[in-house]
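Each of the two complexes below includes chain A, the first together with chain B, the second together with chain C.
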Partner chain A sequence: MVGLNNSGKSTIVSLLKSDGDRNSEIVPTIGLNIEHFRYQQVLFTMFDMSGQGKNRYLWERYYKNCDGIIFVIDSSDRLRLAVAKEELNLLLQHPDISGRKVPILFLANKMDVREALSSVKIANAFGLEKIKDKPWHIFATSALTGEGLQNGIEWFTEQLSQSDLNN
Partner chain B sequence: MAPVSKRDKKEEEEGGNIFQNLDKTSVLQDARTFNDTPVNPRKCTPILTKILYLLNQGEQLGTTEATEAFFAMTKLFQSKNAVLRRMVYLGIKELSTLAEDVIIVTSSLTKDMTGKEDLYRAAAIRALCSITDATMLQTIERYMKQAIVDKNPSVASAALVSSLHMSKTAGDVVKRWVNEAQEAINSDNVMVQYHALGLLYHIRKTDRLAVNKLVAKLTRMNLKSPFAVCMLIRIACKQLEKDGGDYADSPLFDFVESCLRHKSETVTYEAAAALVNLRNTTARQVAPAVSVLQLFCSSSKPVLRFAAVRTLNKVATTHPPVVTSCNFDLENLITDSNRSIATLAITTLLKTGAESAVDRLMKQIASFVSEISDEFKIVVVQAIRALCLKFPRKHSTLMTFLSAMLRDEGGLEYKASIADTIITIIEDNPEAKEIGLAHLCEFIEDCEHVSLAVRILHLLGKEGPKTIQPSRYIRFIYNRVILEIAVIRAAAVSALAQFGALCPDLLPNILVLLARCQMDTDDEVRDRATYYYHLLKLQEKGLIFNYIVDPMQVCLVSLEKSLAQQVHDKVPTKFDLKSVPPAPVVSTTEDTAKETIPEGSISSAPNRIVPVQSTVSSYAEKLQGVPGLQSIPGTLFHVSEPIELTESETEYVVTCTKLTYPHHLVLQFECKNTLSDQLLENVRVQIEASEGYRIVKEIPIPKLPYNETHCAYVVLQFPEQLSLTVTNFGATLRFIVKDCDPSTGIPDADDGYDDDYMLEDVEISISDQIEKVSMDREAFDRAWEAASDEDFTESEDTFNLPGMSGLEQAVTKVVKFLALEPTGLTKVSERSSFTLCLPGMFRGGVEVLIRAKLAVANNGVSMQFTVRSAHSDIAELICAAVG
Partner chain C sequence: MSSADRPKEENPWIDAYSDPKADLQTFSTCLTLSDLNADDDHKLVIGDIGNGIQSKLKVFKGTSLTAELPLLTQPTAVKCVHTDRNEPRVAGIIVATGANVLVYRNCRPYFKFSVPPQECSGLEVEIWNEISTSEQLVKVLKDLSMEMGFSNLSSPSQNLLLMSPSHREEYISSKLHCVAKKQMVITCVTTLNKYASSERDVSVVLLATESSQLFIMDPETFTIINEFQLPDVCCNMYATGIYLVEYTLILAMRSGALYSLRIKHLKFITQLMTHTVSLLMVSHKIITANMDSTMSCYNLKGRKYWTINLPDNPLYMTGIPLPNLALHLTAVCFSRANINLYNDSSLVYVIATQEPIHSMVFGKYGQEEHALITIASSGTLDIKLLKRTAQFSNDYKTVQKNYVKPHEIKFLVPKKSKLFLEQSLRERQKCKEMHSWFNHSWTNMKVQVSESYIDALHSANVVQNEALRIIVEVFGLGPRMKIRTVLQNMSQNIMPMNYKVTFIYDAKLYKIHQPVVKVPLMVHGIPYSLETLVTCQTAVAGVVQVVVVSTKVILSATVNMPDSAGILE
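Up next is the complex of A and B:
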């Protein structure tokens, strides 16, 4: 799971974990956090990466063995949309990703915020339609209310099991 | 753990080590398994164990290898297997200094350290601190503070100990945890209390008042943990030594004394050992401690017997009466079945016993010397050294014993200590010289330690020519040329040259031998042989003396630089060798005086390791980089010890280092700003130069932000009139203050205000103008005689040094005042008068020779102080400065 800092990655992971296991408080991640949990009968091992500028180069260390990627975007952070797009491009061009058919789930998070952009706008801004060699989908979510998350993860699970069958 | 296979089991039963034949490459290859999902703990744990094993065996990992292994390891955090997780923590600690980007696990570790799984928490803290540097520490500060006061003792201990480690790199942050440490000291857990005291003391230790308060409070508090009490005893004794003087009604002393009655044996022992080690105690003050040690000597527990006898052994020379009162108990320990205890008992008795007992005790030792370890053999050797100095007549018994030991198996340290002892004996006792040299000759015939062989050859070259029959040593030395490796051959060539220089009868022979050496396969050996051959052939006394017997000793690094500069300079000037500072002297007195003077064992080890870069040359290099300082004429000559001009723990910390050039004095002020809400600009030290001194240049610090240290400089020209050079300057720190936001360091406004801060005076003493010169006693005497003709002047005065408790103290004081290296300092404490010889060099390259005759007088020590130098002003100046 990647995305700029403050986009809500750790908050989302915490929400997906069963209630008793929730992280009590969420602070900016330094390095990464590995979470292992069951969500709707599926076991997930999530590498929740730090999104801080100085740590982003470390994402690629974990590309090689991943089965899927969740890219979280703060849809209320218009200023840094371009930064997020740049990071996405770097990810797509990375040798450990570019040739593979890994599913990418885009979460346009913080949809509850008033000035949030819609998922369509974000998809356009990112030029997502140009991604042809990988299954992808974008969902508007809110980690505060949980809205949109379930749909997103269901799509993701579906994709993962399909690519499992193919291999 | 993985099940042990049948084959492994068999190996284990045979005592084989299953890890013995591990290969780094294949283990790292295996580590790729860490990337597999799901993680298989049964497979991964043994692999991680192997990596740790390899690292602990000293296997080197390159940065890429380590980083790869580290990142693979981070994947193991997915597994909830507790054994594997704990191995991961260990792996992180080991790889933290080798791999890159180790901060990647920060969040994972913070989660574990604050999580519910107690098994993880302590180890996670340790691992976290190993990957956290000073800049990252603030992000985990909150968790550390919580952990220090955690209810779980292992968590609190881990946090406290890690804090102690962290304070090396981030002292300022750790200082802020003092309240938590304070709280932890009230813990019921013995370890937590001990570790909390450790941290508290570490935070406070530079502030004497604070330490005093801490100790006073804790001694009243009745600490539960025996470990903490032991630590408190050590702190108390340190304070006592610092305060000096009388212990009569010191509460600290009373506390230590009361610990003799503590219910824990550990504490009782600690207190007893501390008391007998304190300096300046009266017999009555240590008596109770001695009784405790005496009791321990006859304890049924070997540990206690060992502890007691080891302590007695250590204080045998400093506090002989303490030991004598335990003599009877020590005698009983001579036959102790534990050889370590027996050895210590015998050597203790040797140190204090009478001459008549020596033979009996030596026989005892000989019966089991082969059974004890090197470490204890060294103890025996040291005892023998002390004995030889005390009973010179016993030298032949002891020397035979030593040479037998020398022929036995043994490590370098042990062999070196024997050789050292023989050398000391030779130096101290002329009668022992021939026998000693003979033993050493025999030893180098079959010596596996190169450095020792080289040292001994050097000694043979120095001492051999002065014996009655120098020719007998030639064969031994020349054998080395035939049989040894290049380093030793070169040393042998140099030793031969000494014989050629000092024994005219042998010269023809030596020339033949040296001619043969010119055919050597090694460059250095050939060069030396050629050099000595041609010099000796000229048969010119002066040349031979100055270039073979007593060659110049200049600082090589500085010489190289001066020569480079000379070549570089456009104007051809005559090169003056005297402008190069003399070779740095590795001081034997400053650090070791305390230990060695009572032992009487300072030997002039000729091949002492000299630091590659002396302070002078490393400073010279640094100053070259300061704009405005390159233009000072001449080379840097002397560097003083740094002196603090402020109290510690004040707003601004300033230390001054005095840098002496032939005609100039550079004052370097190292300034530190400890106020987080101030930015200082144009920081400079204003000097009130005294009469005769002229300020040539001032270099301020443009900007001094919080927590940074920078240097300001003042360049002065020395007065023409030498008598004005020893003086005091008033000093004030001046600067512009800009108030700023502590979190960003950005000033609130553009303009600041002027402010200043009074500093201690800067004292310019005579020692700032003289550099140490290393010389042995003989060379000094020769130089002293040479300095009696009319080119030299002599200045002499007699002083009384009241309030000195003895010669030792007076000698130390004089040496320290002049900051020079004394020649041949031995056995000061046992004499009633002593002649101290101090060779030195005055700035500008003027040789000075100082002789101080000290004698014990009824109310102190009297001193006849004589200085010889080619400049009368200098001689007078030194004499006057001492007064």
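Up next is the complex of A and C:
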């Protein structure tokens, strides 16, 4: 799971993990957090990466062994859409990713914020239609309420099990 | 991404946002970035001059304007400081305007601080107290202003003298009981951390005024905690360090002098050749952008490290600290267009812009660490974010100039000809003989030169004209005079023949009876005296040139003739 800092990655992870022991206070991740959880008989091992500029170089170390990528976008931060796009381009051009058919789930988070952009607008801004060699999907979510997250993770699980079957 | 498929000159900046309709008019001193609401989301604070009609204080969050406050007067500087150490750490906005410092917190007016006015001379107070009629008052004040200088008068006196006569009566009656004091005008403002170097710490505010003073204001109590009398009006300053620990303040005076202030010691650094536009300090080095399109670097003792020529007149300079790249760049914006980034004295990148950038600020904006915010001449707000992968190298090539490094210049060397090849072959084969021959002829030439030098010393043959001595004398006061030319041959070897003495003169002034005098053969050492008569024609003193000629002019002498005016009459 990657995305810029303050986009809501850790909040989404804590939401996915379980409803019971959800952390009330999410602090900015340093380095990365590794989380294990089960969703619909699929065991996830999730690397929740730090999104801070100085820690983003860590992302590419984990590209090699990952089966799927969740890219979280803060849809209310219009200023840094360009930065997120830059990071996505770096990710797609990375040799460990570019040749593989890795499913990418885009989560346009913070849809509850008033000035948030719609998922369609973000897909256009990012030029997602140009990604032809990988399955991808974008969902508008709200990590505070969990809205939209269910659909997103269902699609992601489906994609992962499909690619697992093909192998 | 491998390095091969990367474009060579990759743009290290992401153009995140550009708003051509922002219509902002401001100076770099009225532009600042700060975490105003203590939510880790840095805001942009702009003191907008607004076409000079309505000044406004504007606060931008992300890409949108969140607050707008009207300002009554035009701002000199806008800064953000923490005014206390309470949690949450809400920063205050400080607006310097005229003699006042306005403090805003949570985008609401919070405090108004005025720089204490200067007491004026007792004489002026007396004048104001004793004289009540406007005509008399103006007259006496005018005399006083001639005596002390207009700028040393108090503000009411200055206003009165500048006023149209019809308004004066009313002004005097309204101002009759107020004390004559001179209002300060703040020229520049900077901030300095008070306790610790953290950006969330309380900062003291340094205010320089038009009357050559420097005040240090503590925003915790809104009082002046220190003040200094400067030798001149400070128009630019830069502060580093911590006020209560150790600090360095660099002051650029209006006269072009640079001073440093370190723990209460004011010290002269250097006198610049031109005025500074902008001032920075990067790791104990002072960098100045100057009006003569140069950028110079000095140390604190005034030694100059370097000066580079800038492509254009600089408008402003700001530091771009990049600790993750171990760099501290300097960004300079120019009066025509473009922003150049320098690492020390070498150019590392040029940000091409369509129009001149009037103001810029670099720092944390929103969630982003490295944001460069620029406002162009047309009021366009432009936000650039530094890429995570950005690299700056000192061998940046300016594409526009086609700059070629000296060692890369290729000379037009002609192809080796057949003759050249033969010669070089011969040189290799017979190098010994050639060398001995060369040495032989070299010594030969040296001998010849020395011989002829000794010859020249012995026979010290004087040149012809130097061998003649000439003495010219004029006898008489006019109108008739006699010119005697005495010639003497100094050379033993030469016997000058066929020499003549003639005169160059104005025929209107003089008549020379024997214009050409033949010189007999001259024997060595004997003086020959040749005489001719002259008659003055008019009562003007003139000049006669005596020339000795053979086939060419050999010698000449100029004689100032005596004034014969009195005698002619």
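Some notes on this structure:
Here is the rule we go by: the second predicted complex is superposed on the first by the 164 of 167 C-alpha atoms of A that agree within 3 Å, B and C clash if a C-alpha of one lies under 4 Å from a C-alpha of the other, contacts with A are read in each partner's own complex, and residues count from 1 in each chain.
Throughout what follows, a contact is a pair of C-beta atoms (placed from the backbone, for glycine too) under 8 Å apart; a residue touches a chain by one contact, two chains touch by 3 or more.
Computed from a predicted model, the values in this text were never measured in an experiment.
Superimposing the complexes on chain A yields a three-chain arrangement in which chain B and chain C clash.
For chain A, the partner with contacts to more residues, out of chain B and chain C, is C.
Looking at the shared chain after the overlay, A:L79 reaches chain C, while chain B stays out of its contact range.
Judged by the touch definition given at the top, the superposed model places A:E87 against chain C, while chain B stays out of reach. Of the two partner chains, chain B is the only one touched by A:G31; chain C is not. With chain A as the common frame, the single stretch of chain B that clashes into chain C is 741-749; none of the other options in 201-209, 381-389 or 741-749 do. On chain A, the surface touched by chain B in one complex and the surface touched by chain C in the other have no residue in common. Across the complex, chain B meets chain A through its residues 35-38, 71, 74-75, 77-80, 101, 103-108, 110-111, 136, 139. Those residues of chain C that touch chain A in the complex are listed here as 1-2, 14-17, 40, 62-64, 324, 365-370, 383, 385, 387-389.
Within the complex formed with chain B, the chain A residues making contact are 23, 29-34, 36, 45, 50, 55, 58, 61, 64-65. Those residues of chain A whose C-beta lies close enough to touch chain C in the complex are 4-6, 53-54, 56-57, 77-83, 86-87, 90, 93-95, 115.
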